[in-house]
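Two complexes are shown next, each including chain A; its partner changes from chain B in the first to chain C in the second.
Presenting the complex of A and B:
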């Protein structure tokens, strides 16, 4: 007895390609289509993101006046001019101080507050969460005058503390919500076990929860750092001394009314993005882990 | 059935009570606040032994200019022991936001370098101190150029003096003195001379044109410079608040100006901005160029002083109209706690020593009449042409309405594509000017209505 195969049914009267080859061709066509669907948007996306970056690298490393499309011969003249002449050394130091302090304070308060939100039950918790989320919808520009008056009353204007506090406060709601999500993902039974073994709540948190929160801390800390690093508005508004400005303000000085020094602007731009890129390169593993943990499992 | 215990309840002795948590958090907050306040007080205090320190905010932070302004400040400080000035340069595109915040929070500095176009907004907020009385009392008024005083007052909506008439720009027409000489032409003195020279010196086959026309960014200044003096129209608005841009004489002059495009100018002038125009003149691509005295150093650097000539805009049918007289100076804030000291600095910028230094370094016309006679001014062909023209009896200065909040948006952004259509022959100068006049008339009437 012979079994009619699927390929026997409806066999074409004309010689046709063997079924396996037809299948392979279909697969090839489909995979080419799939590849196109994948590579075309990716290529366009990369063009949009990498061309400006290449432009920046080109102008930063190319000698002034050169029209070459590759940064050769390489010169560091633009960096020297920006670092020494335009005071980027000072701006960079200030930015680092503000961003690191904001990172530390945001993360520590975020952890403590997030723990309370995740583990404790108290009246008005949900309302508190909603209010915190609502603060994220208020643009910073709207808060400038009240914030300025508060800082002025506290003698904090023209001090880097004003930037640290403002950046931290503006970032804190997000830190709290994110951190609460991460802490909720750590089984409470682990803490209970530690407490059964004699740990207090703080020790249990430090010994058991904290090591498991590493991706969350990295995610929250990175956001806080980047947010403080890029903040231009508070820096220009609360600071009134050239030697206390931050990198974003320094960059805006390079855009002149009667023309811009593109080499210096590109070098300044690279200096501004360098810490963020380095930070991302280092923490991206934790960040993806942390974000997916918070977003999917939360 | 038993109620499921919360872990915190189950481990009662280790749980952090709600009250305890709030108390600890509040204590930590207060401690942080105090620490911040204390450290900030420690950091920003620093009395300077009885010396008065003025704060100066600068809105134009070109590096060379900043260095010169700092030098001017140090000259002032050397002459006035006990007075110090803290300089703060503000980013060009963000300074008004900072100034507005400072006004709203009553934390303005003492001194400012406002642009003429910012005066209306600052005066409307009652932020700047009027200087008329102080100028009179100090006996400085007779020493200052009347033209500049008039321009300074015209920049404010209430006609008072807020901006010191320290320096000014003025429009001139630059020409290639060597080419004129080679062609046996005299420096142009009339509009007819200008037209004839533009035709004569054009040799399109060798890429040499009689004139370079600004078709790109910033075109409006050149348009006004080349059209209003030729039309002999000396005001921007009529008494009823309507714009004179649709005046028949202005339209006729504009048609002549547009007629230069593509014949006596390169067709690439369609998008020419300041840099392109200056490069065109400096590279030997054009025989004449309209611009302010501010670009004279660029032309001299490119060609050498002997090849660069300058003349003021030529007389019109009935009068001579001067354009581009825009005062640049300093102002002081109404809320400054050191008004007398701040005025000392303003006065210094108008007195011979400060004025001479600042005007020379800026490349602008000095406001002080004595300084205007100094050698560096009389040897500068562009400055000399502007000052000689201003000294003629009966000349009138056309004041542009920088005080209109929409003026910059209309003339810089809105009209540019329409102007390029005119140059390409897709829109007539009449239609262009009628639409432009309508936009400016609306802006002016709105402004007049709001300001009584």
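Presenting the complex of A and C:
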């Protein structure tokens, strides 16, 4: 298909092609067929990804009964109904509380452990690391019964604390391993020279490492937030009263009221995805850097 | 803290000085993580084994007590268990197979240089952040005969005015597969793309010089480089598809008539609806052992492969 151009390049004597030349060769590679091989699959993939998302946006902003393919005139009626009538205002607050608490706890504990992994040697370090990685294979569904019993014993069932603890513990190993990576990327010498200047280890960390660690903290925290925000199984198992539901549970009940109100369902879906979209915009470049196979979980 | 400032003149890297207090600090730092993981992950895993040997049903508190292997005997005679096992295998195999083919294709496309690549990547990967419930919400809207896209296509004369895809046993499976692919393809592509980026450009140029076409470039340069990542990615995806309960739970609830119940979904339903903890634990232990066994077999086979290949 594009063989002719490749042959051209092949016959050119290029033992040590100068950069400009190489660039030209790469440019020439873009034949018609080659471009088709890029844009056709790309368009198809993007349509497959974006049309379903658009469908939800369409239903959320369109008045009930309308069949227009563009949500115009825009109505916020669906949001009002779902926020007040279906209690999504309450669910949203609950979800935020759980996700933020889980973010803070798992990031702080992750930072402590991550520092130990990155900077200190201690006996059992590898065992610790392997155990942390192994936990990533423990399925959430398998933990429903034993965790329910533990929380029941602690009088935490039907409390948001059960969700905070469960989400934190499930995400903690990943936070820790990611954090160790970020800390390792901060040069040790910076910290050491701060110590030479008379800082203790803790002050050296706070004054020198912490500021440089900011992007890492945001990334690790975002991952933790998204994972807690999206969790459904724990919430439906541990929480029984409606005023403590989280957004995914509320959404699952809207789904249950089948066929009734698709506008409300779509609006609820948009509410569920809104905070995550903001964080995703930041976090997605870390995904592609591949520093976090474990983050790509789900 | 004093030990850290004791020898300011010579300062070898911190990592090379495992003094007693250093190690002590390290254990202090990892202590919170260790405690949480032991109490809320490892103890529960162990307790499930014990629980599976007991009669324990929240709806029938009077029957509680030691059961021996009763739960496991019941499990072997449970038709839904066997059916869920078959469906789990089918689900994981089809999902991971398609995600492998399409996810690899997506990763290859997104690895090329073109205008707007950053935006294309962000858009293509966006389902990553979407929860299982939301995936269900979106696809319920799409599949529903009155709200779905089929309605519009039919009114434009493409296809026919359909019934709900999720009520017919024949179409349910593929409707689920497609909805899960929507999320799964980006996941797989993300896992592969990082590795694709590490393939040295010189190798492609060398292949071009040798007159290699696109297929040859892929098989001679790209594939050997990403092979290991593909093995790991398929394993991870298989484990996660096995564990993935949210979508099935909310989209079909395992129906119609239990035909889309995976083993972990069966566990979740036994725990959440039936509240039969003894039997649910026996199912859990079984699922756990099967998953571990299958992962080990898979790793053994694929590592055996690579030894022959090299």
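By our rule, the second predicted complex is superposed on the first by the 243 of 298 C-alpha atoms of A that agree within 3 Å, B and C clash if a C-alpha of one lies under 4 Å from a C-alpha of the other, contacts with A are read in each partner's own complex, and residues count from 1 in each chain.
Everything that follows uses one rule, which is that a contact is a pair of C-beta atoms (placed from the backbone, for glycine too) under 8 Å apart; a residue touches a chain by one contact, two chains touch by 3 or more.
These figures come from a predicted structure and were not determined experimentally.
Upon superposition of the two complexes on chain A, a steric clash is found between chain B and chain C. In the superposed model, A:85 lies in contact with chain B only, and not with chain C. Residue contacts after overlaying the shared chain place A:140 against chain C, while chain B stays out of touching range.
By the document's definition of touching, both partners, chain B and chain C, reach A:237.
After overlaying the two complexes on the shared chain, residue contacts for A:97 are found with neither chain B nor chain C. Judged by the number of chain A residues each one touches, C leads among chain B and chain C. Contact with both chain B and chain C is seen for A:122 once the two complexes are overlaid on the shared chain.
In the superposed pair of complexes, A:201 makes contact with chain B and with chain C alike. Contacts of A:252 after superposition: both chain B and chain C are touched.
In the superposition on chain A, contact of A:159 is made with chain B only, not with chain C.
Of the two partner chains placed by the overlay, chain B and chain C both lie in contact with A:148.
Taking chain A as the common frame, chain B overlaps chain C at a single listed stretch, which among 39-47, 93-101 or 345-353 is 93-101.
Residues 112, 116, 119-122, 144-145, 148-149, 165, 188, 191-192, 195-196, 200-202, 232, 236-237, 252, 255, 259 of chain A touch chain B in one complex and chain C in the other. Chain C meets chain A in the complex at residues 1, 4-5, 8, 11, 13-16, 18, 22-23, 25-27, 29-30, 32-34, 36-37, 39-41, 43-45, 47-48, 51, 105-106, 109-110, 112, 114, 120-134, 136-142, 144, 146-147, 149, 152, 182-183, 185-187, 190-191, 193-195, 197, 205, 208-214, 232-233, 236, 239-240, 242-246, 249-250, 264-265, 267-268, 271-272, 277, 280-281, 284, 287-288, 291, 295. Only residues 1-3, 6-7, 9-10, 14, 22, 25, 29, 37-38, 41-42, 45-46, 48-53, 55-56, 59, 69, 109-110, 112-113, 115-117, 119-123, 125, 128, 131-132, 135, 137-150, 165-166, 168-170, 172-173, 176, 188, 191-192, 195-196, 198, 200-202, 226, 229-233, 236-237, 248, 251-252, 254-255, 259, 262, 265-266, 268-269, 272-273, 276-277, 279-281, 283-284, 287-290, 293, 296-298 of chain A touch chain C when the two sit together in their complex. In the complex of the two chains, the chain B residues touching chain A come out as 6-8, 10-11, 14-16, 18, 21, 25, 33, 36-37, 39-41, 43-44, 55, 60-63, 86-94, 97-98, 101, 104-105, 107, 109, 274-275. The touching residues of chain A, counted against chain B in their complex, run 85-86, 112, 116, 119-122, 144-145, 148-149, 152, 154-159, 161-162, 165, 188, 191-192, 195-196, 199-202, 204, 232, 236-237, 240-242, 249, 252-253, 255-259.
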